[in-house]
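In the two assemblies presented below, chain A is common to both, partnered first by chain B and then by chain C.
Showing the complex of A and B:
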């Protein structure tokens, strides 16, 4: 009986993980297809479609665009998130609770709404759609996340540490640079990598806010419009691989973090 | 050196509507060990924060070496603080922690490493230079915090309940070391505590604070033997308190009338003033001899064995009479419920004006 239950729960676990990962597995497997259609039977393995992706200047430039947008926008989001968290944690500000709520509110708003709002604003401001506007959009969606992560880690026990630095003659910017920043480094890093994964995968805002140069998810969507093709599987697998790497780095940072 | 190193003049401060310091003046001499002693809420930590520059008082001024520092930021005044939680920089090695103040002053690395080594040697932690703070015990962290504050050669070193987080044995040991280090470096220390034993052991100058005021200050010997107020008689050690009234003031001898008779005392007081007589527990006797004055009858309410002595509490059998506290030799057998005659020698009576 016990063996049966064990078997049942094993099956259940397999079903759940299968449900989650089967699409990805199918995607990756058929990216290795050697014939022209990503449908059974499997004819690979072959790297010809990866070669095709890397020889497609549209896809490679979109890949570089995506990396640039993810890297720069998440660095800005983490920097702004850190500074706003520090401001809220260390200074008495008027309406602090309301302001904190407002800064995290975009987390609950759909990307579509944020994207449309930004589109209207950029139109009114006469800013043409580009990677810059998409990058700004990514800062808008990732800043609340960075703020929430860093603010949650900015405990009161660091106040005396900062005071001690000031007492020993450190100016305010040196306190921030030499004390607060290094102590907060794990939280800042975590928020940075999380923002990078979000920006890397993000489609809606990039779709709405870019035109000629675009990011990889938008380029993949363009590709999909001309029908299924192992090339889309290959590029999708590459996107997935980068996300996995970022997620692993994030996990490593979180696991390595000292208990407070 | 006897001139004032620090002068705090007429300091008043409040948090919101709550007044925490009212018109406090304090002078600190160079090379002295000053202890601010008081219960929580007495304003001692606030006074230290004002001296350290973390708070600007509502009223009054702070002069350090004759320079008005009242509104000067902590970084720019010649004070450093050892925080209760040590506040070491967790991401830096012990050596870098200690060298931080020198780094901020622009001292080159080789020189600040040398000075940091020196400071760590003073606190007996030379071998910890390359360790991280989390590898050290509480007592060791305490020493690193002390070395970090000392290495910049402050005019005054401030210690905010520095021993509060340590266990009793370590606290007594660190207490002796603190005193030795202070004598060795010669820097003026200002130390905040609520532990009266700590205060007596460390202080050259003991400042007893209560409700935002200085109740009494002086050498710990003087404050213990001749407390100025009722509060310091009960906070700095225990006392039996007997209320009375001055009847005959003549020169510097007065007569104090109490429920247990009139006693002549050498003190100055106005005729008719309400006063309190205090007797330290070690002077309170339960067996009378030819020289003793007695305070009626009392019944023992508690006997506590404390190793080298017994602490006896007794309450007077007269209505609304005082409770007596006595330290008696262990050999003397006393049990709860025993009838005793509390008494003392007349020269051990302390008159408290307030």
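Showing the complex of A and C:
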């Protein structure tokens, strides 16, 4: 009986792993195709489609745009998230619960609707679509996340350390720089990297809010119009690689925090 | 203790204002603008609810909503049914020191971007893609199946993503169970099957519900998966909304449709929250 359950479990787990990895494996394998269609039979390996991606100025500039938008928007989201989390965790403010609810509210709304709302007000304000407007949208979706992560990590023992520093004569700003920031860095980095992966992958807000200069997911979307193409496989595999690196960094940060 | 100075009293507000201002300016204000727009506030004959009545009277509009609800419901149920046993195996059958690695592997493709993930499924399900190739080789099928650009493809693409998400949430709730429950059940003579049905399953249902709710919310608002995998044969709500913005430039109608979609999500949220509250008492 027990052996049977073990065997059944193994079979089921392998089937689910197979299902989960099937599209990724197909994507990566056929990015190495040497002929023009990413369908069986496999004709590679060849790196010609990776070369084609790196020689495509539209894709490389979209890649740089994506990195810039992800870096800057997540830095702003993490900074605003940290400052507000600190304010709400340390000080008693009137209407605190309502204001905290307001900051986390965007988490419950789909990206499509957030992007559309921004498009409406930017149109009304006469602000042209650009990477800036898309970046503003990315801060909107990531700020609640950063706030929630950092706020949840602000515990009592940290308050005591800060209190000790204050009793020893440190001003609020010195407490912030010398005590709070160093204690909170795992949560801050976790929220920063999580925001970066979300911004890096985000499509619909960038699609609605950019025009000529755009981000990589939107440029990949444009590539899709040409149907199945190994070049799309190659750029998709590169995007996947970057996301996995960000995810591993995130995992390492979370792991390192464990023993402390 | 020192008396708080003026700067000390201002400090908390200095800290929280930027985040609040950002949220008001770029989240709340757009909502108000969309709500006003959906009521045609710019039209000469004043506010009307014509965009909302259009939704209920035009079959192709509410058909998009029923399509969305059907697809999302199906995706949620299939994903839970596939993910629960998988999460259980990871939590109970895999040796503890390998669990973290097993879980990490199980959610690795989670990190591929939406667009790339959907495109990858298109490759897999294409007319002469890997799945059809394999099916033909078995000799059971003589003609390739039409998989791409169907509802089936949309459901497969969604299920792929949400199996990973639900595995994560269900694994977490299985791990949070106090092991003494299981020991107590065993001491009282329950076998593994009875322990599972009477102890483990009921205690993890709230976690499953939260994951299912998350699945519902994320799936019903997603544009990419149905657009890339399902094509334009049948429209889901996000596709209909994008169509109004893109091709027709009809922002008032798009705003009304977006608010209707949000209302449905809110109703689902209230139902889920109420159910969880009842379950807890």
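Operating definition for what follows: the second predicted complex is superposed on the first by the 253 of 260 C-alpha atoms of A that agree within 3 Å, B and C clash if a C-alpha of one lies under 4 Å from a C-alpha of the other, contacts with A are read in each partner's own complex, and residues count from 1 in each chain.
We adopt the following convention: a contact is a pair of C-beta atoms (placed from the backbone, for glycine too) under 8 Å apart; a residue touches a chain by one contact, two chains touch by 3 or more.
Fair warning: this is a prediction, and the values are worked out from it, not measured in the lab.
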item: Which of chain B and chain C A:182 touches, first, second, both or neither; value: first
item: First (chain B), second (chain C), both or neither touched by A:34; value: neither
item: First, second, both or neither for A:165, with chain B first and chain C second; value: first
item: Dominant toucher of chain A (residue count), chain B or chain C; value: C
item: First, second, both or neither for A:152, with chain B first and chain C second; value: neither
item: Partner chain(s) touched by A:243 [first = chain B, second = chain C, both, neither]; value: second
item: Contacts of A:91 with chain B and chain C, given as first, second, both or neither; value: second
item: Contact footprint of chain A on chain C as seen in their complex; value: 7-8, 11-16, 18-20, 22-24, 26-31, 33-34, 37, 82, 85-86, 89-90, 93, 104-106, 108-109, 111-117, 119-124, 126, 128-130, 133, 160, 163-164, 192, 217-218, 220-224, 228, 238, 241-242, 245, 251, 254-255, 258, 261-262, 265, 269
item: Touching residues on chain B, where the partner in the complex is chain A; value: 52-54, 73-76, 79-81, 83, 85, 87-91, 100-101, 104-105, 134, 148-149, 152
item: Complex contacts: residues of chain A adjacent to chain C; value: 5-6, 9-10, 12-13, 16-17, 19-24, 26-27, 30, 38-40, 80-81, 83-84, 86-88, 90-91, 93, 99, 102-103, 105-106, 108-114, 116-121, 123-124, 136-137, 139-140, 143-144, 147, 172, 197, 200-201, 203-204, 208, 217, 220-221, 224, 228, 232-233, 236, 239-240, 243-244, 246-247, 251
item: Chain A residues within the chain B interface of the complex; value: 157, 160-161, 163-171, 174, 179, 182-183, 185, 258
